[in-house]
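Each structure below is given as structure tokens.
In the two complexes below, subunit A is the common chain; its partner is subunit B in one and subunit C in the other.
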Partner chain A sequence: MHRIKDCVNLYAHYVSLNLRSAMQHKASFFLQIAGQLLTSMTTFLGITFMFMRFEQVGGYTYADILVCYSIVLLQFSLAEMFVRGFDAFSSLVRKGEFDRVLVRPRSPILQVLGARFEFTRVGRLLQALIVFSYGVRASGVEWTPVRVLTLISMLLGGILLFAGLYLMYASFCFFTLEGLEFMNIFTDGAKEYGKYPVDVYGERMKKFATFVIPYALVQYYPLQLLLGRSDCWYCMLYPLGAVVFLAACYAFWRFGVRHYTSSGS
Partner chain B sequence: MIEMQHIRKTYRVMRRSAGFKEACRQLFRREHDEIRALDDVSFAIGDGEIVSYMGPNGAGKSSTIKILSGILTPDSGHCVIDGLVPWKDRMKHVARIGVVFGQRSQLWWDIPVIDSFELLRDIYRVDQRRYEQNLDELTALLQLEELLRTPTRQLSLGQRMRCEIAASLIHNPRILFLDEPTIGLDAVSKLAVRDFVKKQNREHGTTVILTTHDMQDIAALAERVILIGRGRILLDGTLDDICREGGSGDLEQAAAGLYRKLDIA
Partner chain C sequence: MKKYLSFFRVRFAMGLQYRTAAIAGMTTQFVWGLMEILVFRAFYADNPAAFPMTFEATANYIWLQQAFLAVFAAWLIEPEIFDCIVDGNVAYELCRPVNIYDMWFSRSMASRLSRVLLRCIPILMIAPLVPKPYGISLPPSAGQFLVFLLTLALSFLVSVSFYMWIYVLTFYTVSPLGLRLMVGSVVEFLSGGGIPLPFFPEKVRRFLEILPFASMQNVPLRVYSGSMTPGETQRAILLQIFWLVVLAAAGRAMCARAVRHVTLQGG
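Let's look at the complex of A and B:
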């Protein structure tokens, strides 16, 4: 317990240094936050326009999709807020600056995440919260205790899943030295495509999202319970499967750290 | 206290000829060469020694430092520092060492130096009283008074290096690794750095291991010199040994003569 508090304090210290750094460049700081607020509103409008033409998509109504999208967007934005520090990881490894991380007696993950904390993400998180609060109310879902628990479980599972993806993305850098751009399909892409439940994309996609990268566990299955399309109360436990995925990604990360060969002098 | 026995480390390096066609071929078939960075390196360093580690570029100096500081895992061989194996007990080991990479900064670029120091205090879990004590002492010895409130990006190279060295000593390390600490510094800053390192060694008994190309650094600091070339230890002795073997009273000449004689230049 004491150790966790110690880590949280250190992370908070990193965040505060990042804030002090960011505020050195005032204009850019505010402009970026404002800019971020506007960007994914467009996805939201996209859904609205879609449903002005069609009544249903894959058996889901406008209200259903609204719930789905607002949850996925919030999962993604929360994860991004804390874990996106891995974005610049390839340059950290390529320039050999990961050396510095390794000569300090603290968790490398904590140091990497702390070193890059971009406040522009606050804008995106705010926007996710706005969409979410609108979606939750407009959906007409009746919020029973079971459904509230399901929702919390989805959010937690989603954060863990995206965290695992970012960790996996970073671990690849130990072997390729370059960031693998295609990995974005699984993170930013998942946010875009995740606005519709995975079964909309067909049976194969559902299998992939269940057994390979378990998006369906934090989205499709618990969503059925949330929307009253199924009575499987245990679906609310599915998102916890993301823990297994994260553990696998962490093992891969550990393997990568041992494989790290540094660079230059 | 530092013991290295039969350490070996090889890297795989990619090779290709110039030209676009070759670059394309490279996409599909890669050719690797094995480079022996360290080939059966053994030495022992006692408590409170200052040792210069010298050799031409690419001789294996940085690889040795990286193994000693727990960043790299060697292919084979034993290394024990104060009862710990650096790459196995990395977290415990790095809490007791300080590392200065002359070419890479550990200070936050946009914020005053003192902010970086406070982060290091939390990273190394130094308690407030000892932190203030150390800071006062370092400030007096390295004349940091006015620098502490300045953002790192506005410091000159010499000023920055003084801050870098102070930063690596905040937690009273028992061993200090200096990787080219005087590179690019003017005469006054070089003298300041040398004086300080000597004093730190004398008054705190800190063991210092230093890599440098500056023969004056070696003359001013080290009683003992270890010469490495092509991954092998070629000479372990005093400055006089270097001069005798190199066949010149002038250190610079002697080093060059020695490199040529041993065919490691």
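Let's look at the complex of A and C:
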């Protein structure tokens, strides 16, 4: 118990350090937030333009898609804000600086995470919230306790899923010393293509997103419940499947750490 | 001319070195193309009548876009040029007996071209194997293909001269971050990178087709599968030439001005 409290404290300390350093360049910080907000508008516009031409896609209306798109964007932006520290991990390994992390008596994961928080993603978060509130109203979602819980579990599950992907990306660096660009397919690709529920992409993609990388567990299944397309109340537990994925990625990370040989001098 | 040719050669040879990165990038683009086609398949299944072009033409558009991404991608901006403006090393470049605009222009051309060469061939080899109508098909005629190559070359030049503006403007703003971010996604979207321009609402599309963005990406991709009438194609080519001349000439003049008034950073 004491250890957990200690970890939380350290994490909070890292957050405040990063926030204070970001605040040193206030103008640049707020401009970047505005930029994030504007740039992520293009995806939203793309969806809107498509639906000016089409009534629906795979049985989903414009409002349904907006709900799906904004939830995935929320998941991704939150993950980018709080677990993106792994982004620079390849240079940490290449320069041999990970040694320094290992000799400190604190969790290596926590230290890597603490290196960077992307607070400018608030802009994207804001855009996602606006779209979400519109989408929810337009698609007529009635808020019951079950649906509120579903939404919370979707957000948590999504963050954990992306955290798992980042962890996996970092673990590969132990063996390749280099960031693997193809991992972007799974992170940025999920943000880009997660705007449509996975069943839109066909049955095979749905299977892949259920059993290989469980996007569907934090997107498609609970979404059915949220939008009132099915009454499987247990769908709200599906996002917890992301914990299993994260655990697998963590095992891979432990394996990587054990095989780490320093490249520094 | 010879100096710029050697700048081109050096950068081109350098670009060809990054083969692992090319394989990774290619995989990404292949998956992107596939996902994009699956989205359009879903829309097509729901309402084929609402499609502004045939499904084959749409699939061609998407594959060619992925294959030639480096021709017009906004994120492919040379970080070294930004760095040298921001940290003041541009002073050394200014000492050389070359026009800095022409030098950067040839460098950008070379780095884009080397990327295209590495990435387009594998995609163009695999995409035709994807079953019809999801794969890429042959252009309707040899003549059409030549027109496609012409518009592709033009869109390449328009793109390079457009992105040159960002380097030139960096002389004034010092921090290129915001500019890059904005240009990256907005230009990408307006040039038909997100969804093909024909899928835009009629009025928006008509307006966008006049802007330089359409000349950067949309035109060659549509010409290939013959989804533009000969009249439209002619007009598009003239517009491409117009934008190339305007963007390059104004950019060059602006650059000369910026260099005269430049404040060097760093010591």
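In the analysis below, the second predicted complex is superposed on the first by the 257 of 265 C-alpha atoms of A that agree within 3 Å, B and C clash if a C-alpha of one lies under 4 Å from a C-alpha of the other, contacts with A are read in each partner's own complex, and residues count from 1 in each chain.
Basically, a residue touches a chain if its C-beta (ideal position, glycine included) is under 8 Å from a C-beta of that chain, and two chains touch if they have at least 3 such contacts.
Given the structure is predicted, the values throughout are model-derived calculations rather than measurements.
Asks: Record, for the superposition on subunit A, whether partners subunit B and subunit C clash or fit.
Replies: fit
Asks: Determine, under the contact definition given at the top, whether A:Leu31 touches first (subunit B), second (subunit C), both, or neither.
Replies: Second partner only.
Asks: Of the two partner chains, subunit B (first) and subunit C (second), which one does A:Ile185 touch, if any: first, second, both, or neither?
Replies: Only subunit C; A:Ile185 stays clear of subunit B.
Asks: Given the superposition on chain A, which partner contacts more residues in subunit A: subunit B or subunit C?
Replies: After superposing on chain A, more of subunit A is contacted by C.
Asks: Report for A:Gly228: first if it touches subunit B alone, second if subunit C alone, otherwise both or neither.
Replies: Neither partner.
Asks: Quick one: classify A:Gly140 as touching subunit B (first), subunit C (second), both or neither.
Replies: neither
Asks: Between subunit B (first) and subunit C (second), which, if any, makes contact with A:Pro105: first, second, both or neither?
Replies: first
Asks: Between subunit B and subunit C, what is the shortest CA distance in the superposition, whole Å?
Replies: Minimum C-alpha separation, subunit B to subunit C: 7 Å.
Asks: Under the contact definition given at the top, report the residues of subunit A touching subunit B in one complex and subunit C in the other.
Replies: None.
Asks: Can you list the residues on subunit A that touch subunit C in the complex?
Replies: Residues of subunit A touching subunit C: 28, 31-32, 35-36, 38-40, 42-43, 45-46, 49-50, 52-58, 178, 180-182, 184-185, 189, 192-193, 196, 200-202, 205.
Asks: So in the complex, which bits of subunit A are touching subunit B?
Replies: Residues of subunit A touching subunit B: 6, 9-10, 13-14, 17, 20-21, 24-25, 96-97, 99-100, 102-106, 111, 258, 260-262, 264-265.
Asks: Flag every residue of subunit B that touches subunit A in the complex, lowest number first.
Replies: For this pair, the touching residues of subunit B are 11, 57, 61-62, 66, 69-73, 90-92, 94-95, 97, 99, 101, 103-104, 106, 108-111, 115-116, 118-119, 122-125, 151, 179-180.
Asks: Enumerate the contact residues on subunit C facing subunit A in the complex.
Replies: Answer in residue numbers: 20-21, 24-25, 27-28, 31-32, 35, 38-39, 41-43, 45-47, 50, 52, 175, 177-178, 181-182, 184-186, 188-189, 194-195, 199-201, 204.
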